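Sending over a structure as structure tokens; questions will come in a sec.
Labels for the chains are A, B, C and D, by order of writing; each one numbers its residues from 1.
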Amino acid sequence: MKPYFNSNPYNNVEVYTDLAVEAHNLAVKRTGGEVPGVSVREEIVENAKITRIEVLNQQGAEAINKPVGTYITIESQDLRGQNRLAHDKLTDIFATELGNLINFDAIRPHPNLEPTIFVVGLGNWNATPDALGPHALNYLMVTRHLYQQAPPELRKGLRPVCALAPGVLGLTGVQTAEIIKGVVQLVNPDLIIAIDSLAARSTDRLARTIQISNTGISPGSGLGKKRLAINQETMNIPVIAIGVPTVVNAITIVNDAMEQLIQGELFSPTERERFRHIEEAEKKRLMANILSPYMGDLIMSPKGIDELIKDVGRIIGGGVNVALHPDITPENLSLYL
Amino acid sequence: MKPYFNSNPYNNVEVYTDLAVEAHNLAVKRTGGEVPGVSVREEIVENAKITRIEVLNQQGAEAINKPVGTYITIESQDLRGQNRLAHDKLTDIFATELGNLINFDAIRPHPNLEPTIFVVGLGNWNATPDALGPHALNYLMVTRHLYQQAPPELRKGLRPVCALAPGVLGLTGVQTAEIIKGVVQLVNPDLIIAIDSLAARSTDRLARTIQISNTGISPGSGLGKKRLAINQETMNIPVIAIGVPTVVNAITIVNDAMEQLIQGELFSPTERERFRHIEEAEKKRLMANILSPYMGDLIMSPKGIDELIKDVGRIIGGGVNVALHPDITPENLSLYL
Amino acid sequence: MKPYFNSNPYNNVEVYTDLAVEAHNLAVKRTGGEVPGVSVREEIVENAKITRIEVLNQQGAEAINKPVGTYITIESQDLRGQNRLAHDKLTDIFATELGNLINFDAIRPHPNLEPTIFVVGLGNWNATPDALGPHALNYLMVTRHLYQQAPPELRKGLRPVCALAPGVLGLTGVQTAEIIKGVVQLVNPDLIIAIDSLAARSTDRLARTIQISNTGISPGSGLGKKRLAINQETMNIPVIAIGVPTVVNAITIVNDAMEQLIQGELFSPTERERFRHIEEAEKKRLMANILSPYMGDLIMSPKGIDELIKDVGRIIGGGVNVALHPDITPENLSLYL
Amino acid sequence: MKPYFNSNPYNNVEVYTDLAVEAHNLAVKRTGGEVPGVSVREEIVENAKITRIEVLNQQGAEAINKPVGTYITIESQDLRGQNRLAHDKLTDIFATELGNLINFDAIRPHPNLEPTIFVVGLGNWNATPDALGPHALNYLMVTRHLYQQAPPELRKGLRPVCALAPGVLGLTGVQTAEIIKGVVQLVNPDLIIAIDSLAARSTDRLARTIQISNTGISPGSGLGKKRLAINQETMNIPVIAIGVPTVVNAITIVNDAMEQLIQGELFSPTERERFRHIEEAEKKRLMANILSPYMGDLIMSPKGIDELIKDVGRIIGGGVNVALHPDITPENLSLYL
């Protein structure tokens, strides 16, 4: 969720989003049709809509400003509700998608050994909307320390899982990716799963969308500050990223206000026409101007965010358990925690 | 902080604020000059600006949509910083203003008895920006239960203080004012001090302003939902309200965006002129339109709100201690907690 | 949980317990057989043992130092485990016993009206083992404020429930019973359910026992400090008390140590015999001596108490929901929260 | 604080303590005089007593069951009080002792470079008495990430400090020492300061004693389970350990009960004499018997532990700031947080 918190007014006037599905929509709007290098498939299931975006090549990556790879988005109104049955179904859907994205056979250290998975809860536990990662770890079944001592028949349905909430740079003085890399070098896991809060463009998606991707996390893309990424390149093992949007960028509202204002009936067609031809740079300057008092300062998060973080954390943590351990199902999940 | 959380799109398009100083500024802007029935005095002190607004009569009350009474606003950049020395000075300034607003002699139950003060921490402890009241009570010195047993020489520098965080309707199923009134009827305090989070119009004021008023709290004024007020009329004893803005209304940003857009250089003078004459009703409809996806849903609070609530809660709780107990000063405050 | 926290060495050397089942056991040990005025029935069900103690008259009340009334104890190893299925069964057992103890018809304010129930979460949320009551309220379905506006068909399966966590004397400066009474006088509920942490004699019972009684809560019985009770006499409506032991008294361990030491093989039969004849008063003085450095100072609570309070709070809060609302069952409980 | 939580009845019947000062007292009691290989100096200062124990050689290490090195104990009643002035003095005393134990010149990576210090907050943030380390980090000034970018004149009075709360094995599935070592290998600090909760023998010392040592932390010494130590040997850089006792072992109370019972007047001189000659092994068996129902289960921590952890955490975190940064003093400490 770095982009939200590190705002360079002029760069940031681009409507940034962590969600590939939003980035793709913006690209479609810009190009007016298909985005070359990006394939999109949608599927409607009970309780949710699943969108699978493949960024196929560098052209696609540049078009939507996301690295090459797979982005799965699960959208559901129920994520934000309090219906536990619906939550259980979402846990199931999420676990299935996550499980499908992980190639367990490919990451085995040895044909007879289960891979060790390192789950990282990113974000700042002292800032409610940024605390999803640490919260999700509360619901994670950590097994690595028990696994080696367990008899083979018990091990069978489980995989060794370890976990860490590394905090944020301001709390530790160390780049998050460095802490993770340090642990990776000693513990030698075979896969990293990183859970993080995201910034979305649309308030509709707040706490209603789960994104799973196999591209890792590249904080600060498009921002001035360069931070070490958490991905296969830096960690030397695959990195799956799981994120849920919990904040929106102030620019979204201003942008929408401007567009609606200008497209609206308050203006005559010629006025509208004239405005359309004002240069992009000029518009951006104006928006930066309007936004400057709010930038880097305002958190725009859903009402009830304190509770939402807990609820969504339970779904994410629970779903990771189901995806990682063969013997755990959404039905018996509660027996394991 | 009710207005923020109960939004009726059409009513709420009025730029609502809990701060008298903002309401007065809006009225000045509207009338273009003095607001009849309202007197304003400003004072610059070290570290802070103090504004004293007197709503003198019904005309003034209607002009700024606040009950007749005194509203003292302390504004300081330091409230939001982490400089403890500056916090100590603000505690002192706040305590002095609060102490001046309380007429201890008038509320004594008997010439020889100190008045009992009931401090109420309003708001929802499960929603970070709404949790200022409950947090402030953590720093309050509660003495009523010790007072009666204390020997006269110890009592001398202290006053009997009791406290309650009554929660919110959604948590208790009981109107907050009813809980307070129930306790008041049994405990018979002589003054209520109610601490609450407020909604401001300007993000600049978030966690940078303390408002003290002797008019109590009248939740829901201007909103559809009518809630029982917490004021002299309902409680039969004086009620001092202390508030700090922790959220801003989404409408503020849209409103500012519209104004800046229209006043800006993008439009020709004739366009601007024409826009100025578009009816208010039409403008409101447009704004409600722009805002509708965000209403009742988005919390806009300052970054670092979790920490700010703690810091400001300490200043408020500490300042109330200094104001209420003759023997407590900003210097020796820490000895008492 | 007052007895634990207010220790008068000499009085407290009596092995105090909040649990009727333990008090009865002690009486049996003393008398060597039946305790007149007290009837006891045990029932073994799946996952739990239920003990129903009736204190029939004043003689029984004095024998076990508990007021006349019914005390139901549900004991289960599963309360302390993390098996959600077992938790669901315990929720069911608890809800059934609680429901049976409430005579809903008798407390209706009018033949056509459902009674209003006021659930009180006693204890100090800042002291982990004392925070059970406030925590249980997090899982309570509060309906009173919605009930009046709900259409009759929705009301049918629900009852109006309100709730408050009144804090403790040290936090509020007001006796807990006074706060409750104030709210009762304004809200006019028909039944109070008070949830509290208890002190047990045996560590085996910590977080493994639920006690339900219809005698209310009489804090400080046997202690120097007299506090206002929360019972039918003081509140003018029935009071059901629900408690779970979360601390043990230090005296328990010392007492056990002494007994084992003396009964053990270290001593010759004649030594043991002699010791048996040492006066009770002398033994108490010795124990008070041994205990004095620990009294009023040490909390002895189970390992993992932070998590236990949350888990048990969910079972208690959930069970109260099932007991109070006809439409809520252990199966659909999660849909209501 | 491992020994407390991992109890092997027979081993643990030895009265274990994390405090060198208690271990030394026990050895003195056993030997009846001086303990060879251990030197002890006491100093009384305002507000506190400082004991400096040097374990000089292997003989001393075995005698008190602590590694060779320096152990400084600061004892003060004020640590547990709420007097902020006294807390400030303790912060000063603690910072001075800590600063003296660190040889900053010896750990400089280069004559012109300040050493980087890595502060580790050990323990489980979900178990109140074990949460001291994580809490202390809340008050730590973390500078490493700012240090490199800061201009030389700002750097001058500060040193680069980074921090991590690595959790516990049960939360992460990774040995704490492994996480720390991983970070150490990547970040290359020059000194580790590890803050932890300790187990004491005497309840008098709970939250009243700070121990500083240069021997690091060797969890599990004397216990069955072997855990990787955090010391110069394992980390390749010096490790300073800071600890405050927050729990006592149940065995302490039983042991005291037995001793007082036997030494007391209840027994005749001949009985006492006979008891003295009962074999140690027999006594231990008896104690293990008495204790078995409580072992591994009961936490015995001071009343008000939730608040104590916060208060002591502030003193420790603040004192570390003063010790590490030349420009920070107890007086201006609050300006830096």
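What we mean here is this: contacts are C-beta pairs under 8 Å (C-beta built on N, C-alpha and C of every residue); 3 or more make two chains touch, one makes a residue touch a chain.
This is a predicted model, so every value here is computed, not measured.
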Each chain counted as touching subunit B and subunit D at once: A, C
Recurring contact interface, reference B-C, options A-C, A-B or A-D [over half identical by residue number]: A-D
Copy pair subunit A, subunit B: interface residue numbering same or different (half cut): same
Centre distance in Å when subunit A and subunit D are each reduced to the mean of their C-alpha atoms: 40
Centre distance in Å when subunit C and subunit D are each reduced to the mean of their C-alpha atoms: 37
Sites on subunit C at which at least two other chains make contact: none
Parts of subunit B lying in touch with subunit A, wherever the complex brings them together: 5, 126-128, 203-204, 248, 250, 253-254, 256-258, 260-261, 264, 266-267, 271, 275, 278, 282-283, 286, 289-290, 293-294, 296-307
Sites on subunit D touched by subunit A in the complex: 137, 142-146, 160-167, 169-175, 178-179, 181-187
Complex interface listing, subunit C residues touching subunit A: 82-85, 334-335, 337
